[in-house]
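Just below sit the structures, each encoded as structure tokens.
Note that chain A is present in both complexes that follow, paired respectively with chain B and with chain C.
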Partner chain A sequence: MSVGKKTPIQPALHKVIMVGSGGVGKSALTLQFMYDEFVEDYEPTKADSYRKKVVLDGEEVQIDILDTAGQEDYAAIRDNYFRSGEGFLCVFSITDDESFQATQEFREQILRVKNDDHIPFLLVGNKADLADKRRVTFEDAKQRSDQWNVPYVETSAKTRANVDKAFFDLARKISSRKYRSEAQEESSPKKSSCCIIL
Partner chain B sequence: MSLAPVVTGISPIEGVPGTKVTIRGENLGFCQDDLMGLIICGVDCLMSAEWKSNNKIVTRSGGGIGKGDIIVVTIQGGRGTSTVQFKGLQEAMGPLKESAVWANVGSVLEQVDTLYDLKCVFESDIQEYGRQSTEVLQKAIYKCKEEADKLFEDVLHRKDRADGTRNAINVLKRFRFLFYLPVNTERNIQKGDYDVVINDYARAKSLFGDTQIQLFKKFYSEVEKKIEDLRNILSEQLIKMPTTLEYQKKIIRNLYHLETPGDPAWQCLGAQHAYILHLLMESRDSHLSRELADHDLGANKGSTPGPPVSSSSRNTTPAAKYNKIMMSSVGEWQASAPVRVLLIEDLGDILSTNFPDMWKLSQAYFGGELLPSSAHVDHFKHPECKEMILELLGVFSGIIRGAIIPQTLNPHGAYIRKYHVWPEVPLDQITPWLPQVLRHIRSCYNTLLMLDLPKDAVDVIKTLLFDLRVHCLTSLFQQTVDHLCSLHSREDWRVEVDDEQGGYTHLPQICEGDIIECAQLVKETVLEGGRREPSLLDHPNISKDIGTLIHNVIVAFAQALRKLTLKDPDDPEVEDVPDRSNQENGTTVALPSVEVQFLITLSNCAYMRRVILPRLGESLVRAGYPKAEVIESIEKSSQTYNELQETLFDAYLEERIDPIIGMIERSMYLGQYDWGKVRHTPTEVRSYVKEILLNVSQVHAEVVAVWPGLIPSLIERMVEVIGEEMARLITCVSSFSQNGALQAHIDLAALNLALNNYMSPTAQASFQEAAEALPKLTSEAKRSKENVLRSFHNKMKFLLACFLDLNPVPNGEQMIASI
Partner chain C sequence: MATIRHSLQKEVFDISEEKLIGILNVTKPGKKKKKISFLCAAINKEKPVCAFIHQIKENDKGSLKKKNTWPVFELQVVDGKDENKETAEFDLTFDRVYKWVASSVPEKNSFIQVLWKICCRYLPKQKPQFINISRELLKEDGDKIEGGDIIAPGLDQADTEDESDFCALSEREQIDLERLILKSDSAVSDAEAFAEQLSKDLTMLDGANIHSMMASESQVKALMEMIDAALLEADKIEKRLNNYDEILLYVKDSIEKMAEKNFFIEQTNANNRQLLETVNQLITQLEFPQEYEKFLTNPAFQINNLTPVIEAAKALETVIDAQIPPHLIHLQLHFQAVKDQKKRFERLRSEFSKHLARNLNNLFIYHGNDPGESLSFHAEKLALPRHSNIHNELMPYAPLMHWMRNLDPKAFQKLRQTYSNSMSKLYERDIKIFFDEAKQPIAGGKRLRGSGSSQDIAGMSGVAGKLTSLSHSRTGVGAALLGIEREQWGGELDASERQKFDQIFEQVLSELEPVCLAEQEFCISFFNLLSSSEPKGANTSTASTPGSNTSEESGSNTPSDSSRRHPLKQVSREVRLMMSELFTNLEQQLTSFVNTFYRADSYCCLYIYVRLSEHVLSAEDTGSFLSITFGSCLIQAKRNYDNFMGLQINSIKECRVTKKKCGIIPFVTNFELFAQTGESVFKKSERRGDLDKWYAMLVSCMIDNIPRVAIEHQRTPPEVVKMENYHVLYQLLSQLKLPGLENQRKEAKQRYQEALNAYVTQYFGRPLEKLNLFFDGVQAKVASGVKESEIGYQLAFSKQELRKVIKEYPGKEVKKGLEQLYKKVEKHLSEEGNLLQVVWRAMQEEFIQQYKNTEDLIHRCYPGAMITLDFSIEDILNYFSDIALSH
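Up next is the complex of A and B:
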């Protein structure tokens, strides 16, 4: 119903949802990505919303970020939020094995809610700057991401390492998936299978 | 570029009126006063807006309901836009949102409304169609309404209770973290999970740090108390040693995270410094008291002068002792090593294990690694830290110097009294261990080198090492000198004659072996050095010293040889020399006569000069000793041996010739012989001549057995002296009878004949002088002289043969004729 109202030149909107246990740095990553700032103090999030225009591979797009609460107190309302997401950054802290274990649950919840095995999804190991406190090896994380068939990236919201990469990679996945589904709608299944192979 | 504000972030995305909202975006103004308006969901919230930065405003949401934009208005940019939206929730609905009860109540209310509507329709119908039909209905409706009201009341009541409970649960849920925190903190502290405690504390602090609520305050202050306990525990652990660097760093970080006042890292450095210092001094003291106890014990036991250890150890070189040490088991090692060697081993361990951590900690400290990112490194502490490091290394080096090389401590410095506390011990007790000591210090040095220490810190150990090396060098040589000086005790007088060049005993080779062994050990352990150590040879002074040391060690043996023969009445040691060599084989071996000992030693001297010294020179140069110095010291020592050889030669000669000379006169005038009263024509050479020749031949035989090459010069000298004596005796004769003159001619001729081969011009002149003092012979007398000589030649063939170069002259005629 609102399609008519929207200006056609409005750039494509990709909806990203930050998931992961509390304290792993979802908000920090978001704020770093959005405003180049690092927040030292920890303030539990309920649900925050951000939207930013960026140029992705030469094309202007909007990235909409929903930063959610990791605390289980709010687990019940997560289903609602997840439903609106087009891509997920599933964050854990490499200094906290429990947060890594929790990613399994988040993954399952997302797959259940979205009912889509190929939903754009990145496994993100944050706080990579705290190398001396590392509790989750790169190999273990990589193994899990391979098993899920998703990329794994290690970030630091503090140093901004790989922060853009995480968001851009996800946005790219969302974008290419949208094109693909459009293409699928238009073209024959034969062609689309060709695409998939490519 | 547009300055229009744009809101791109909202936290949280929804809330009841009055919710604290953080708004982020761009162009949000440059100060509080730049804010002209702030509208959330259509409601102005400027009143509570708190401008934080150009990107951030914090406010409380107003009463706007439903989803809506967040619009910021600034002086610079005017009315802005928003890419995100806030959803205002209805206050009353807030707590009920998730409530199934509310849904029921809603439907009941709707039903009541519907019924009411229905009633109104009915009433209008009644007015149109009459009351009867509706009366029953109205009753029913009232009843319904009553029931509904009751139901509604019930539900409302239940809802209130549910609300109350839910609110309580919500509060508990949100704050149970805080309520449990004191207990959890306590438990985690006990478990040592300090990270968790710190994390929770940070969280609590940011949530409740400035709470006004009494209950929270109470819990929070309890947490604070626990945290204070933790600070104290950590501060204690921080300075408790020993520990690991990682642990220290962790504690320091924890303390910083807990916002502990003071400078924990610096405190830790100080504690570590004190700890290492304590370890070093404690090790020194415990070893020292052990040594002093041993020392007292030894002093009481060994009341006899000259401890037995010393004299038996005299028979082994330091190098041999060193080799024995190197081959001993750890247990033997521990038992036999001098206390101060064990001390050094211990000190080295202490430094190598503890110092690197302290240094690394200081590096981390000044690198800012340990400080919270907000704090600044206090670079004024740099000198103080360096002071600590230098002090540690200084004490380390001081203790070692005091124990091993006290002579290198500045006698006027403050350190001398602090470190020069060890009793004097004989050099030979420590020397064999010095290479090992060097090895320990060197390994320490290598550990330090890896740390990238400042140069003056490294230099403390570097100079220590250098001084130790020089000491080791001189000690090993000095000990070998001592050893070689006492080598005379091992002389067994067994001569090996390899050629005409002369014979030698085993002593020169022992000497050579010992010197080479020492040189080799010094070369391997001292001269070569290790990583980043200058070669001692490159040091001009040391190079010269090495020349002197080599010289000393070589001439030390000459000293031994001298002691062997030229007895010094002041030296008591020499007395027991013959005994020692006697006992060598268990059975008593007859010692050669003193004269033969002279000869043998003399020959050893020559052998040293001829064979050993050149070979030694080559070996030393091959081993890497500086050529010029080696050659010089070899030449100088060769002279020493030459002098000794000459002295011995003279001594031998004297020893042998004195009795001969004394004998000549006695024997000549035996039985009141008078040259002036000889009646009979002489028919034989007189027996004093035969005695002379016999004596000479004895010497000849003696020398041949040791060093045939010595004979010409030796016998020549003897003949000279004999000639001199003959001339003296003959010229002193007051008168000769005719037969007396003939007899004297015969005697002189016989001596000439026998000793012809060894006749020097001097000797010839003497004999000439004697012959000229005699009256001339008649030709008849000459004939009888020749007869006598012929028969002398025949009789004495074998004796004479030895004077004629071991070749018995086949034809005596010619020789006799020539005389």
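Up next is the complex of A and C:
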């Protein structure tokens, strides 16, 4: 893409992938974040992509979201988009222990595909509004996230609680990681010559 | 009863010359079948009178006939049966006893009464016995008894008739006679002597009588004389009276004459008084104080001693307008004095009018050169100079102006014209400068390209020069149109500049309002434009009708802000005309301003449209000049707006993508910014509906034009173009949440899904093409009726053939095919579309599905042949993982 003189510099692009079992509310979280709306009726997703411009810490960035299918016959199909992702929201439902257990698998697959233990990753316990149906305690979830060394956040796509926080936290992680890697590259002698040119 | 009585009299008794006196309806007692008959008492009309009782019956033919007749003197007993008890029965005894039953008790009683009377009258001596009858009935004077009325008149009548000829001696006569007879003892014995005695007595009495008559003669004579004397006396008196009468007649005449004269005199007096009054009135009406004259003939128009002049002028007006009673109008032509006075007034009027006109004329022209309250070239705030000082200075002359309007319409018109001319110059200059200044802050020495033809703002210096120096008109390229890449958009204003423009435009409008309103109010009250409230109708000529002195001080004298809230009545045509004469260039300037910015940045037309609408809608006096000017400008703005939208639509229709990879079509990308701008401008406007309407049209137009662009593009498959663009459009619409676009949103989503499916299935590239072809054939055979188990015996689809085909697709080849496919997809899809993962996932799914179908078919059609594909599903998944890891 040729950049015209008047075209503003494209904002940084962060690619977020929504993962998690079927019916935990990945699409609901996405739609809430994107359009401020909560869709009641459930329709299994295959794959949907979204793009949103947000101002993150004073800087305009673009967040690409890939909303994926919870039910997939073959896990390998996911490899490709896991590979494309820069950060992951690993969602389970606090009312469904199975979905919580499934996060383990997702985590493992992501790490395998990305081959990176420090990939930006958030464990998200959704449906926090349904407190009376809770099956997964905060402590259990927290323990797992600590074990993975990732943050844990409980959200409600219905009430919009922590929805922005989840996405922004992840975007921030992606951003800082990118910055760090850039810095590393710049600090390398190969790139320092570029600086001189600039 | 009366009719029966009548018919009885007629049919029965008239024949026998009898007179019916009493009648009773009777029956015989004891008989079952009661035969009605009548008992009638009658007397014959001949002398001697005899009374009869008849029984009369009605025979078969209906005529009445006497059945029995008894003379009354044969009547022996009348038996009423019971004295006390009321009963209708009674008996009459003649030669034998006859028993009767009367129809009613009162009738019986009255009949008995009649009988009693008859007996009393005609049989005084040998009355029959009346037994068992109440005493009351048997009184001689039966008239008083009730019920007797019916019969009595008949009897009485009969009595009087009888007595004229014959009368029985009354008791007294009888006694007298008896006494007379007794006196003369011999009477009975010697009738002759008795008669002689009687005649003697008679002669004696006669003599005495004559004697007394003779004795009274002299007295009669004396009486006669006295009467004669009295007559004479009466004659005299009559004569005298006649005399008096004559005299009185004469007096009456003279008095009448006097009265007439008196009446005339009074009328004359009244007329004179009235005349005097009228003349007095005329004089007071036409009286014009001398001292005023000098004010008028030699007026001083210094602002501080205007009062006496105004007073004098008013007085003159009253005098000239004096209402002369209609009956005097023709007289007035003959009154020299009145004529003279009128002439004098006329002279005064024209003289004063001349003076006044000259003076005011000068004044207007002088004020026409007024620079206004410091034209603020360096003032930070944009301001249109006010001319309230002129208004304030002129306002004292308002009464004189009204005077002029009433008394010298021609001069008034001229003056008004002068005012219009001189002030319009002033306003023209002000407005021009004002608009130039308004243009400056935005242009700010910067680009304001495309600013209109130089005529619009000819002859302006400074900023205007910059404006005109910019490119004359813009071609399609460079305009901020949806169908054009953003990089190629011209130098339109950016958001903050637009905001500034919006503010300035608002300022322009709100600056214009008070100035215009102040001028309008001034004109109305100064020229008294509302006074002639008579309908002007088609007569647009401004010639005002004189004499309408009901000058109504409308509005306040000082055009202040507070008074402009005062709801003005329908501003008349005259006012509007005047205003348009004053602000000749306002509309032109405003339109030019609007158009300039529209050309500079077409998005401005949105702001202009909304702002102007607001002002027009909030205007209270819809008929005022300013409202109408704004209104016509609004029409222009609306035209620009619609034109702008039309251009957008055209640009969508004409949009071409020349890039190698089509990607997102510009109009889809640009729509986001467009809609955001639109939303920010129309946020609270009442014109929101206009925007929504265009949104719908624009989006529909986009939906319709995406396939066109898709087909026209050389390299990118149409499905990809459609898929990517519908996807972005769908996302945009979801995000913008524009009202009324739900259908378009759904349509975009559906079209996106369709395009995705079409792309995945059709443009899949078919990594296992030959294998697929083979099995397509197998499926066609099965569909045409070949049993699945017999497919293997078909020549084209034998096991050998199958093996051959399978051999062409070893795992390596498949993996290579998939890798190529992935690269192809990557090449097709654009970065902005962001659909690679979505598409690839669908393709993976599709490939697995195809694999499974093939496996299934082999299993069914070639059972037990031990033929399998060269690669397993695990292999495929591994290929996928490898592809994933390879980039």
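Everything that follows uses one rule, which is that the second predicted complex is superposed on the first by the 178 of 198 C-alpha atoms of A that agree within 3 Å, B and C clash if a C-alpha of one lies under 4 Å from a C-alpha of the other, contacts with A are read in each partner's own complex, and residues count from 1 in each chain.
In the analysis below, a contact is a pair of C-beta atoms (placed from the backbone, for glycine too) under 8 Å apart; a residue touches a chain by one contact, two chains touch by 3 or more.
Bear in mind that the values here come from a model prediction, so they are computed numbers and not experimental data.
In the overlay built on the shared chain, the residue A:46 is in contact with chain B and with chain C.
In the superposition on chain A, A:35 contacts both chain B and chain C.
Of the two partner chains, chain C is the only one that A:113 touches; chain B does not reach it. Legend: residue contacts after superposition of the two complexes on their common chain; A:179 is shown touching neither chain B nor chain C. After overlaying the two complexes on the shared chain, residue contacts for A:82 are found with chain C alone; chain B is out of touch. Judged by the touch definition given at the top, the superposed model places A:138 against neither chain B nor chain C. Set against each other, chain B and chain C touch different numbers of residues in chain A, with C touching more.
Common to the chain B and chain C contact sets on chain A are residues 34-35, 46-52, 64, 66, 73, 76. By the touch criterion stated above, chain C contacts chain A in their complex at residues 486-487, 489, 727, 731, 734-735, 737, 831, 834-838, 840-842, 844-845, 848, 873, 877-878, 880-881, 883-885, 887. By the touch rule above, chain B contacts chain A in their complex via residues 8-14, 22, 24, 55, 83-85, 98, 173-174, 195, 199, 202-203, 206.
Listed in rising order, the residues of chain A touching chain C in the complex are 1, 4-7, 34-35, 46-52, 64, 66, 68-69, 73-74, 76-77, 79-84, 113. Interface of chain A with chain B (complex): residues 23, 31, 34-35, 37, 41-43, 45-52, 62, 64, 66-67, 73, 76, 133.
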